[in-house]
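Structures are listed in the sections that come next.
You will see two complexes here that share subunit A, one where it goes with subunit B and one where it goes with subunit C.
And now, the complex of A and B:
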C-alpha cells in the first residue's frame, strides 16, 4: 500500500507446511473434526535453549504466514515488515517468531480449497464451518508439535487480536504475555453486516457455482473483488481516504460514464483485482463466518471477565487506534475493563492516528514505541 | 507543581510492602517504578497521555490509558489495597466522585492536595488582590490546570461529608522532608503548603 515500502534485506525464513499425522484430527467447535490437518507456517529467528523466546504472530482476515518474508504470489514484502525484523520491535535475533496460516485459510493450511479425503475432490462448501477458537486450537497443536511448552507472547491485530484473546481464554498456562491490537471481543452487528455484503457479492457471481467453482474450472473473481473493495473501505478512516484521494481525478476531466474517474475508484478496483490473485473466495466466506461467530463473552456465560479468570498470570497489552471505526477504542476498552475485573495485569494504549484500522501494519511511530517497550520489558521479565 | 517530588518519599513510607497499588495519573511511572523496586508492590497505573503510557510500558509497568475523572468506574470494587492520586485531585472535574471511586476500588486512598489556605496564598491575595502564584501553584489563573482548589479545612470538611477516616496526614514543603501533622489543627491550615492524606472508609 505504501509506495515507499522497501523490501527487507532478506530475513532468514524457515517454513513450509506442517503435516500432522493422519490419526491426528482437529476437533472443531461445530462438532465436526478435521483430518488430515496441515498448517502453513513460517518462522524467523531461532528458539533458545530454554525454549522461552517463542512469539506467535496471528494474522488478520486476509493475512497469512508471510508476516516478514516476501509473499510467494504477490512478491510483496511481509505484511508486518514494519514490526518484525532486525532492529524492529520483534527482532529475530532475540525472539523465535512463528507465523501460521489459519485453518480455513488458503496459503497452505487445510481449508475449503484443500482436497477432501472422503471424496478426493476439493472441499468447497463441504468444508466444516470453523471458528476463531478452532484456529487457535490448531495453532496450539502446532506449538506443541514444535516442542514449545509456552509462548513468550502471542500477538496479533484485527482477527489476529481476536485469536490472542481466545488464546488467553483457552490456553493461559501456555502464555507469558498477550498483545491484542485493534480488535474486539465480539463481532458487532455492523461488522457482520459488512461481511454479509462481501459474502453476497461472492455468491452473486455466476462463477461461484454454489462454491463448486474449482470443479467447473472457473473462479468468482468479480464477486471476490467486490467483497474486498467493500471491506477495504472499512480498513481506512474517512480522513485517510480524503487525505490520500480527495476528489482527485484519474485523468483530466470527467468521462461522463462509469469508468474509474476518481482516483479512489481506481484504487479500490486495484485492491479488489490484486486480491483475487492471492485469495480463495470460499476461504473468504469461511473466515468471515468465523469472525462473525466470534463472541468471547458468550462462550463464558455472557461475562467477558469470566473468559480471563484463568489468565491472571498473563501480561496483557491492548492497543487501539483513534480513527479505527471497524474495531473502535470503545471495544478495546471493554476488553481492558474485563481484564481488570478478572484481576489480570493489563495495559492499554489508544494510538492517535488518522490511518484507521489498517494503522496496525503501517508506519506508525507510536505503535513502534509501544510494542518495543512492551516486548522489551516482557522479555527482560522472563530473563531473555 | 513543585520541582521536587517529596510526596513520593512519604507515599513510599506509607505503602505496605507487596500491596496492590493503583496510581491514578501515574505520568511516566516514576512513582510506580519506585514502589515496585523498593516495596515490591503489584502496581497498576492510569494515565491520560499516550507518551506517559508508552514510557510506563517501556519500564515494564502495567498501565491503562484513561482519565481519572471517567475511567475509575471501570475498575472492580476492592481490586487494590491503595489508590494513589498525587497532587492532581484539584485538577479533576469532579474531585468528590474521584475520591468516592478511589475508596470503592481500594481499601485506602493516598491523596495530596495543595493548600490554598497557606499563608503565602492568603498574603498574596490580601496584599495584591490577585490570584496567588506560588511555588506550589505557579501558573496564572488562565493557564492553570487547577480548577478545584481548596484549603486544608475545606478538604477536612469533604472527608467528613464522605464519611472518610483520615488515617495519617503529613505536610509537604518543597525541598523538605514530610512533617506529620494534625490536619484539623488551625495553625496547619496556615503553614502547610501541601498536605498528603491516607484515607479509608469509616
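And now, the complex of A and C:
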C-alpha cells in the first residue's frame, strides 16, 4: 500500500491508497456505513521511535492529500508547499506529516465517483451523505491502522480547520495539539447560500444527468465551472481582487461584447475551467453538503464549549485572517471563547492581511512565524 | 401612447410605451445607434403649469417602470411603493413622478428581446452593448419629448444611483437636484466578478443557444435562475441572512440528501425560480455589462470630480447603507469627496441598518425621513 513518489525533488513523499478490509466499515452519521473504505494519503518525513511526532494535515473543500507533493493531474506543487518542507514550519526532518483525502473526495478516498460494491457501478447520488465527523472518523481509522497512538498535532485551514475542531471534540485523547486556521464552528446562512448556488449550477447542467453522468460518458463541466467561479470570489477579499485586477482590461479598449474584457473575468473563467480537470462534480456536491451540515455546537446540546469539555489537555492554536469574509475573525473568536469557557488552553492570532480566506496557503509571513512558533514549542513540550 | 391603469387603487398610474419616430435614433456609446426607440414608462401625479415638479425615478438592475404600480407579470406591488405614494416622500399629489424601463431592459423599452427592424427577428446578441450613459441619454430624450425642460430631481438606488450620477455629469443643466442611493461611481473587481458568474451561468445553459433562444422556442431559465441566486446573496448583508434564516431547517431534521434542507436554500431557489418568470436572460447579460462598463471617472480623464464640474448648481443627496457590501459606504464617500472637490452642494447620510444593499426599497425609517426631508426642502427651494 506504499508507493514511493519523488516527483518533487525537495520532499520525499510516500503515499498511495490505504485499503481497509471489508469488515472494517466506516460508520456514518447518516446511519449508513461505507465498505470497503479506501483513503488516499501522502506522508512526508518519518515516524520516530516514540511515535510521538505525527502531524495530520486536513485539507479544505477542494484540496487533497497532495499537500506538499506535485499534483498528479495539474502538475502543480502541493497546495501547502509554503508550510510543509525542509526549513518550513512543518519540517519533514522533524515531523511525520500525514495528509489524507477526505471521504467523499475524488483523489483516492472512497467517494461518489468510487465503485459501489453492491452494484459494481459508480455510486453517483447513491453515495451516502457524509459529514465532517465522518471525514474525521475515517482519518482516525487510518491513524490507528498506521499504528500511531496519538497525534502531535492536527492542523488545517478552512474545512480543514473544521476537521481539527471535530477531532478535538471526538478524539481529544489522541491529540497533543490542534491548529485551526480560518474556519468556523458552523456554517452560516451566507455560507450555505453560496454553496447552494454552486450545487444548483451543477444540477442545472444537463450533463449532470441526476448525478449519473459517468454512466452516460459525459461530465457537467460547465455547471461545475460556474460553481467554482462563485465560490472563488468568496476566497478572496474585495481588496485583494481590487489590488490584483481592479478594472484592468485584457486588451486595449472594451470589446463591446461578452468576451472577457476585464482581467478579473478572464481570471475567474480560468479558475472555473482548470478546476473541472481535477475535480468531480458529485464530490463537490457531497463535500459542500458536509460543510453546510457542520454545526459543532448543535452536536453538543447547542453549547459550543461542551464540544471541548474533554479536550482540556489539548494545546489549541486558533488563527484567523483580518480580511477573510468567508469565515471571519468573529467566528474564530467564537471558537476561542468556547475553548476558554471549556477551560482549554488556546492561543489566538488574527493575522492582518488583505488576501482574504485563501491567505492560509499563500505567502504570509505572519502565518509562517505563528505556525513555526507554535509547532516548535509544542514539539519541545512533547520532547521532540 | 397613454394607457390608464388603476390596478392599484391608491395611486393613479399613466403609462405605456413611448415610441420615438424612426428618424430620432438613440446614439450609443459603442458607436451604434438604435431606431426606432421605444421606452416603457409609468407616471404618477400631474405636471404642474410651471413644469417644475417632475421627478425621474431610475431603477436598479432588475427593476422596471412599475415603481409604484402593480407589476403586470408578478401581480406584486411596485418595487418602490414604500417611497412613492400619497403621504410618502414622493407624493403624486405634489410631484409628477416618471419611471422608465432602461434601454436594454425587457419591460417595454427597446432591448435584446425586441424586434430588430433590419431583420424582422428578435435582436438577441445582435443587440448593441449599451452603457449607463446610453440609458440616461434615452431618458433625456423622453423627458424632452414630454416637454419637460428640467427635472426637480432624478433619484435612484443601486444601478439607479449610477444613472443619477451620469445625469449629473451629462445633463446638469436639466437637473435641480440629484439623489444617489447605495451606488458607486464605478464597478469594482468584485462587482464585475459576481456579474461574470451570472453571465457564465446563463451562457452555460444549453437553452441559451448563443442568445438565440427565442427563435428556438426555449428559455435558459435554469442558468438565469442560478445567476439570480448568486446575485441575490450580494443584495443582503450577512447579518440579515443570519437573522432571517440562520441555520433554520425546512422540516424537522436533515434530509441527508440534496433537497433544500435549510430555509435559506429554499428562499434562494424561490428567488431564482420566480425571477425567470419576469426577466429576459439576454437583458440580464446586457444590463450587467452596462454596469461593469460603468466608470464615471474614466469618462473624465480619470478624475471623478471632473464629472461634476458643470453640476455646481445641482443639489446632491448621497445615501449609503452601513451593511451594504455590494456598493459600500466607502464608495459613496468617494462620490461625496468628488462632489466636494468639484464645489458641488452635497449632503451625505450613511443609514445604519443590517439589511444590506436591498435596504433601499425595504421598510427603513431613516431612509424615509431623509428622502422626505430632502425632497421637501428641494421642492420649497423651487417654490413648489
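Methods note: the second predicted complex is superposed on the first by the 375 of 384 C-alpha atoms of A that agree within 3 Å, B and C clash if a C-alpha of one lies under 4 Å from a C-alpha of the other, contacts with A are read in each partner's own complex, and residues count from 1 in each chain.
Definition applied: a residue touches a chain if its C-beta (ideal position, glycine included) is under 8 Å from a C-beta of that chain, and two chains touch if they have at least 3 such contacts.
Only a predicted model underlies this, so the values are computations on that prediction, with no experimental measurement involved.
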Does subunit B (first) or subunit C (second) touch A:36, or do both, or does neither? neither
If you tally the residues of subunit A touched by each partner, is the higher count for subunit B or for subunit C? C
Using the superposition on chain A described above, determine whether A:343 touches subunit B (first), subunit C (second), both, or neither. first
For A:16, using the defined touch cut-off, is the partner it touches subunit B, subunit C, both, or neither? Pick first, second, both or neither. neither
Could you say whether A:272 touches subunit B, subunit C, both of them, or neither, answering first, second, both or neither? second
Can you check the complex and tell me which residues of subunit A touch subunit B? 315, 317, 333, 336-337, 340-341, 343, 345-352, 366, 369-370, 372-374, 376-378, 380-381
Subunit A touches which residues of subunit B in the complex? 42, 44, 50, 53-66, 74-76, 79
Give every residue of subunit C touching subunit A within the complex, in rising order. 30, 125, 128-129, 186-190, 192-194, 196-197, 199-201, 203-206, 222-223, 225-226, 229-230, 233, 238, 241-242, 244-247, 254, 256-258, 260-262, 264-265, 268-269, 272, 285, 289, 292-293, 295, 298, 325
